[in-house]
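Every chain is named by a letter (A, B, C, D and E) in the order it is written, and numbering of its residues begins at 1.
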């Protein structure tokens, strides 16, 4: 569960509703002013209609799937991937590349992309081709992911536009029918109704669509970093590099702090003077 | 027929019209307030005039053609292309590249670009030149496609601008002639008329031009992915790669789900343990 | 003559003026409301002053020249260039590269850039250097062209800004001197005058500067495609490629439709079955 | 201490508060008009909630750390780095690369990144791999840094959006309850309260978030230049270049003025005729 | 002296002041309405404070220096550079590269960057390293120059933001204290004062900061073209190319018109038939 997203959503709506209630005279007035179905049809309906016109049907079909991804997927633990790749590298050194297929299927970490990459090197394809193919795979994944947030970006752009359209419609009608004999009170009510669509459009964009789009992009970025790291790791395994050196290389993808603790955990006695680490490795590599 | 586009268009206009009617006093008032020919001349006329000034005539001449493309073209089935390319690859392995010319002309899938690419390898041009030429062809197609949405992007930018210009004209005239002896009702009517141009401009941009431009871009993106995939496939055929391996490579362009079903369909017994697939292929490749 | 530009300009101004007149009470009122010299000084004067501050004098000096280019230059006929390059290629095959100098000077198509490129290969400079030099020439032309629309982009940005400044000045003065004893009519007139500068700024940007800038960019894009095609063609001539193959290669720069008719015209009997074309060419190339 | 940031913050808030007080009738009125808790909940609460929804929790956890970086880190002295690298280069020439490990740990300048780079060359990894690894390290640092300002950029975007939302809520409620019998005074008070949220949102964006984000980016840029310089320097050390030439090369990263003074300080007698410097170096290099 | 900049500045301010005076009732009213110190503190003070928070102190310290550059530096004469480089090329051909050091110091054109480049080839560093080093030098100059306009871009962004903040403060205070018994005149005065900050902010951005930033960028672009041309020229000298050919190559950086006159001036008799030029050169090169 993506708790921070849900908490933010609840808090945001709670605060806006609290703000609405605290600045209005009575609850019945709130529902009267802020719940207006024709305004909803124009704003939400119009924005959704324009979005349906804008994006291929396929993108819309993927929305439920993407929402599930947004809600469920846990944080990616890069350290776990580094451990796994180091383990695979050790295995490959001892028993050759062919054994990796079995190994990767029996591991705790069940990652489709890692398996895909490992299969490529098991298939004994030459390194430059493997890199090209994995990079192409990543590009294609990127293109597919982009369709997820394009829907919400489009909706976030049309929301305020149709909100303003609704307000214009309300204003035009109100001004055309203006009857000063009814007093300014009626005028105020008309304006109030006209402005509700702008409120709806702004809420749709800022409270729902923009945060979803932002979070999907952030999740995508995290995932891309992991995928890039896996690619580098697997290519290093293929070229037969030292498992320790591969870990060192992949450490670039995590912060200094995470590296330190990780290294300490992994090779206890070295943790005192990290400078020594480099030298020993150099001997191993030479 | 691009059904989702047409449904979106009808729903969008329907909702806006419904919103207009439901918030106005009478139908005759609606036509009086929302149908104003001078306002249309300024907004639509001005925006179209500025667009005609902005883009070459050629772009405008292509608009009907582009609208037809937007309306008619069906979704691109990448799996069909992958099947076709695999078939061509098998044929080329058995009978040589020269036979592909006949083959591609007798196939179900009639795709101009695929034929173009196949002709290049039939002509025995060297691989790097073929790639350069196909990439150039793709770039040129991209440049031509861009002219399609540039017209609508320009119109979408000028629509609201001329809408605001019309509102300014209406306001300036109204304020200059303001006669408070006529009461605020007349003022209201003046304002109402002035705002109609902003409404027109916003509708032109958000209900028509932006969705058309967005959809044309989305269709273009889809097509470019297909073209890129065809290029990679044809180049793989030229370099004599294994048909199975070519399919595997092109699978990057489709989702994991589509791949699975495709593979299952194609080579039945392998579908149980997908891990085996990789290994067998590696033997075939070695 | 760039007829579409002039028609758009006339139609745009015509429609706006028609809109102004049709929404105002009398013609004398129109001139009174919409022609205000101090407002012009602030909006046009201010925007031009800020533009003069923003761009080098050289850019401003080139404006008349650029306007002439915008108005006069005809559409670029890529087919004519392809024909010319094919002719040059044939000549070069028969009589060697040195003869091209005379040939290019005696041809119908008098294009400075084509001559420049031909001279480079006549001078027997090595291919990679020729490409580098032509690419550098294109980059430099691009940089010079960009100065043309930068002036209008800058003016289009400052127009509305100084329009708003003028409206602010008008509003501040009006509000400071507000004398309710004169009635709301005077207030209306003041507001009307204040808004005229916003109208001017918006017209300057949307009716004049943005379309000019857009069209200059569109003309530049067309020209760049032609230049790139010439470069590819001339480099192909230098490397001694088959004239037919060169035409085929350059065909990427034009649409399928234009290609077809061109090819049909050039080599009559082949036009029936376009598939045959490829094969014959392959024999010629082999 | 980042004095200019704190001074700017204090001055900015001071000036705004001074402006508020000087334009209001009494201090009690100020607190009444500008301190409104429900408005704060909507604007700050809503913007923060939308930001929490938009960014991964990890980014938020790093905020205190990033604020500390913003506040504490001193200006980077590139000259000091150049001196250090020159010293390391001299040491490496005399005693070999292996001695650098001890040297870099005993130096005044304790820079993690410099140590990291030095370790790589001590480990005798081949130059192209070292460059690739350091560049990857820099890219990863860049990606981590970006998360710092993304939080503030997101908050700066949502601040004004929720400010406007709050104003819309206030206006809708006020207009719906408008009671002209209470006089325009009550109306004014309502408007005043409605506008406070826009004020809050604008302050949050322009006085707090945008400056923090800008400064974090500026600090990052400075740091990246230093890191790039260190990389170039360390790679030059590895390829055994002349220490004087390395200094000359790294001098590109600092201004002519700083270079002059630096050179003068370092090699006294040469400072008179800088032209001579080049010649002597050329002899040493030859 | 950068006359066009100063003329633009004077004309712009003159026109705005003229517009202010011509639309106001009396001069004393102008000073009363448009000179308001608390408004200045909020707008200018706030914008400057936010800019100080946003950029490193170093950038601010460089402002006077950058203003001097903006005001004083003359237009760059590329022809003069081409002449100089041709002269250096001739000298190098006759007497070798080592003599260039003396030559470049004794020349009329005293350009630090040209000297820097010449020194690098005098030092007999290998061509690819020279190119890398000059390109790095150019990149570093670019990064330093960017700090010049970043200050003004930041100020131009914060100006209108703090102007609007000031107007919000004014409006909130005015509306909170609204006393309709004082009549609408007082209300008007309050609004007038509130709007002055928006006016200040807009002037700061559009009349001062944006033009300065634009001009600095334009100057930078011109300088970068010159630097790039110098680099190409000096590298051609190093590779021992024909001085005439070097001139021909560098001619890409200037317009056809400038080239013609230059060439005519330099090699009189050739100017009649420019076609001949190419051929003769080809013989010299062969």
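Heads up, the rule we're going with is that a contact is a pair of C-beta atoms (placed from the backbone, for glycine too) under 8 Å apart; a residue touches a chain by one contact, two chains touch by 3 or more.
Since the structure is predicted, the reported quantities are computational estimates derived from the model, not experimental observations.
Undergrad: Provide the labels of all chains in contact with chain B and in contact with chain E.
TA: C
Undergrad: Any idea what the CA-fit rotation angle from chain C to chain D is, to the nearest 5 degrees?
TA: The two chains, chain C and chain D, differ by a rotation of 145 degrees.
Undergrad: Centroid from C-alpha atoms only, then distance chain B to chain D, rounded to Å. What do you get?
TA: Centres of chain B and chain D (C-alpha means) sit 41 Å apart.
Undergrad: In angstrom, rounded to a whole number, how far apart do the mean CA points of chain C and chain E lie?
TA: Chain C and chain E have C-alpha centres separated by 25 Å.
Undergrad: Can you list the residues of chain A that touch 2 or more other chains?
TA: none
Undergrad: With chains as vertices and touches as edges, which is it: line, ring, star, complete or other?
TA: Graph shape, chains as nodes and touching pairs as edges: a ring.
Undergrad: Once the touching pairs are worked out, the chains link into a ring; list them from chain D, going toward chain E first.
TA: D, E, C, B, A
Undergrad: If we count contacts the way the header does, which residues on chain D are in touch with chain A in the complex?
TA: Per the stated touch rule, the residues are 38-39, 41-42, 45-46, 49-60, 98, 101, 105, 112, 115, 119-120, 122-125, 133, 136-137, 140, 143-144, 154, 157-158, 161-162, 164-166, 168-180, 193.
Undergrad: Touching residues of chain A toward chain D in the complex: what are they?
TA: That would be residues 4-5, 7-9, 11-12, 15-16, 18-20, 22-25, 29-30, 32-34, 75, 183-185, 187-189, 191-192, 195-196, 198-199, 202-203, 205-207, 210-212, 214-215, 218-219, 221-222, 225, 232, 249, 252-253, 255-256, 275, 278-279, 281-282, 285-286 of chain A.
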